[in-house]
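Quick heads-up: structures coming right below.
Next, two complexes with chain A in common: one pairs it with chain B, the other with chain C.
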Partner chain A sequence: MTSIGTGYDLSASTYSPDGRIFQVEYANKTVENSGTVIGLRVKDGIILAVEKLVHSKLLVPESNRRILTVDRHIGMATSGLLADGRHLANRARDEAYNYREMYRESPPLKEVVQRLGLYVQAYTLYSSVRPFGVSTIFGAVDKTGPALFIVEPSGISYGYHGAAIGKGRQIAKTELEKLKLAELSMREAVFEAARIIHLVHDDSKEKEFQLELSWIGEETKGLHLPVPKDLCEEADRKAREALETFE
Partner chain B sequence: MDHFPTSWGRPRTEAYDAYNTFPLHQRPNPGHKDAFAEGVQRTQQPIVTGTSVLGILYKDGIMLVADTLASYGSLARFKSIQRLHPVGSSTVIGASGDMSDFQYLQTLLEELIIEEFAEADKHELGPAEIHEYLSRIMYGRRSKMNPLWNSLLVAGKKDGKRFLAYVDLLGTTYSASTIATGYGAYIALPLLRTAVEGKEDTLTEEEARKILEDAMRVLFYRDARSLDKYQIAIVNDEGVTISEPKKIETEWGFAEGIRGYGAQIQ
Partner chain C sequence: MYRNTYDSDNTVFSPQGRLHQVEYALEAVKQGSAAVGLRSKTHAILLALKRSTGELASYQQKMYRIDDHVGIAIAGLTSDARVLSNFMRQQAMSSRMVFNRPIPVNRLVSSIADKAQVNTQEYGRRPYGVGFLVIGQDKTGPHLYEFAPSGNSYEYYAMSIGARSQSAKTYLEKHFESFADCTLEDLIRHGLHALRESLQQDKELTINNTSIGIAGPASVHEKDVPAGGSFRILEGEPVEVFLKSMVPKETAEAQAAEAPAAEAPPDGAAPAQAGDQDVSMAE
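Entry: the complex of A and B
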């Protein structure tokens, strides 16, 4: 951050002399300070898991959800500014609807993600707007099978087998790399996802957090649904136990 | 004066144009017509149509039945068209009238259901809501003098409550324990009322199925726009199930004995 005060970070429409756009990098910083979000692409489906940091005990449990539904078969989880994530979800719903209206079939995730990438990128071009303060993991089971993507504040998007964003992404990534994602069942993956979220959570530094889990695949007949309460609680409990024996 | 340079120095006849350099320099099209000269065209009649849909209440839920024919006028044009359509997990709709308008309604409902699903708020639209939505669409379109040419039955069961209601191209709605659309309202409805009214809470699935099958057989004998292939939709506590197409058992032996119709020797 030596470049602060040089004047090249005041607008997204100005490059720095070495070719960077600082506003986009600051947007990435917003994401890096937010709760961890991971996505797993396994044999027959997708798991999304979120470490939702709860800043007040007065909040209603399960409010301010970070996992949102785009279409029957498409889910997304955001890390960064919650309100930006909601706006992006609305845009994603519009894009999915437009695809459906044009082609009369359920939209493939790749198509929706590419269109959203264009939208997010447009916010890196003008001095009058601020880039999106979210990275988003998109998951779906479409005609190509399970699909997992990340859209970053720069508008760039990549497909993944396992994805992690937010504060604990580095540890989460190394954990994801240890898994044999292509061989896991959805049920096994739910437990792994819960374990990873608990592992990356820093008890000493952080406030309370809530584990949010959703899945798409054979278990849900291709719908994006929250993981059933009993399974979610079981995964949560097992994850705590695993951590205690680990330490 | 003719302001179009490409028209200058050319014969003035509209029919003969020896100097045309088509497609580079096109003269303004002399055959141009005002797109609105004949006014805006609206639906004045249905084109590809489905005939009656019947619906009854029974002990565990609701049953709808419709044949699989989509007629083009009096021609039996499409013989394997599904006219019963599930909406959400607790509702089914059955349509008679224009099949393209019905397909349009299906896409509207699909959009509605996805919108509600994306809320992920643990609520789902039930039959009452679907029926209200359809009635507003139908009434709105007839008020624009451009109706969707259908009679629809909406059936469902949600939170233990059975629901069966009607809505048509005028936006008219009503609810009853037995409803029939189209020709069925004349031929089948009296039969259904005799068989069902007062027994809505005791009829078993088997009995209800028998009543509808008998009514469909009568309709096939009498309705010249019907087919002997039909599907039954059942909504009960398990949700919506739509059967595979089935044949109606018919008996035509008596036809030989009928006198008084058509050309006969004696």
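Entry: the complex of A and C
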């Protein structure tokens, strides 16, 4: 970050002399300081899990959800600026709806993600806007089977077997790599996801957090739904226990 | 001229990934006088402190009715609030027109949050300089939401915004667990106690500077409230009976001191006030 203060980092429409666009890198910084979000692509479905940092005990726990539904079979979770995430969710819903109108079938996730990538990229071109301060994990079960993608502030998107964004992404990725994702069932994956979120959460440094889980697959007949309360609580409890024995 | 290289424009991220203009907009909310909101299983209420510019002037308007089932209290730039509340009224009307039902409170708050987000991302505008507490009732019961210029909105059991609101928040955090089963009268008393915490020294709540907004069935002190308990604002004379129900501050503190160690010491609010940085800018 040697170019800070040289004036090459004040606009998304300015390259630095060595060809970087600092505003996009700073947008990534926003994401890197936010709560961890992970996604698991397993043999018969997708799990999304969020470390929802709770900034006040006056918040209504069940309300203020961070995982959003884009289409019947598509879910997304963002890390970064919350309001930007909701903007992107609305756009994703429009894209999915347009695809349905045009082709009369449910949109494949890849298609929605690519269109969103174009949209996000447009915000990296002009000085009149700033890039999105969010990375988003998209999950779906479509005609190609389970699919998992990340869209970054640059507009780039990749498919993943296991995805992690936000503050704890490095530790989360290491944990995800240890799993045999292709062999896990959805139920097993829920417990793994909960365990990873608890593992990456730094109790000493961080505020309180709440675990939020959703899934798509066999268990939900292909719909994107929150993980049922009892299973969610069981996963939460087991994750705490696992962590205590681990330490 | 600027405090910071990266703060002149809301389309610029700082190297730490922050948006300074948006953070400054959040400060604008703290310049406005305090508003408090809380809810029980049956009611959601708002309380606000109104300012007056002088003896000859009237007091400002702090609450707006949006629809039969929704009302707001504001802190910050009043003109921005009027733009946003007009928009909320349009959204509420359009829901009645298109879907033949009152708009869910959550949907209404999200609609202004989405509108505010755009102003944090595009050049040539500024973020809104006003925060809302929104109360309302819908199919899922009474609700309380906070809306902020950053485009965020959250649902709370109780919340306060505006100048010195941290002291009110401290009160709410101490008592919120009992709110769910409160009667409307008790809920209002808690609200007034919380609002009192945000007052400057030697000021007190009067029928002139206090507004109360209610969504839910009528209180024993109210007349002519429709059966559904639609949103209404109490100001002036009708507020008096509630102000009289308050426990004087000295008595309340004495009781707290007598209570076992679980209670905070009588000057418990002092450290919180120290953390409230906008105190000097309050008026």
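Structure notes:
We adopt the following convention: the second predicted complex is superposed on the first by the 247 of 247 C-alpha atoms of A that agree within 3 Å, B and C clash if a C-alpha of one lies under 4 Å from a C-alpha of the other, contacts with A are read in each partner's own complex, and residues count from 1 in each chain.
Definition applied: contacts are C-beta pairs under 8 Å (C-beta built on N, C-alpha and C of every residue); 3 or more make two chains touch, one makes a residue touch a chain.
Since this is a predicted model, take the numbers as computed values, not measurements.
In the superposition on chain A, A:Tyr26 makes contact with chain C only, while chain B stays out of contact range.
In the overlay built on the shared chain, the residue A:Ala239 is in contact with neither chain B nor chain C. When the shared chain is aligned, no partner comes close enough to touch A:Met186: not chain B, not chain C. In the superposition on chain A, A:Gly133 makes contact with chain C only, not with chain B.
After overlaying the two complexes on the shared chain, residue contacts for A:Pro226 are found with chain B alone; chain C is out of touch. In the overlay built on the shared chain, the residue A:Val70 is in contact with chain B alone; chain C does not reach it. More residues of chain A lie in touch with C than with the remaining chain of the pair chain B and chain C. Per the touch definition, chain B reaches chain A in the complex via residues 107, 110-111, 114-115, 117-120. Residues 65, 68-72, 93, 96-97, 100-101, 104, 223, 226 of chain A are the ones touching chain B in the complex.
Of all residues in chain A, only 1, 4-5, 9-12, 22-23, 26-33, 56-60, 63-64, 81-84, 86-87, 90, 123, 127-133 touch chain C in the complex they form. By the touch criterion given at the top, residues 5-6, 9-19, 106, 110, 113-114, 116-118, 120-124, 150-152, 154-159, 169, 172-173, 176 of chain C touch chain A in their complex.
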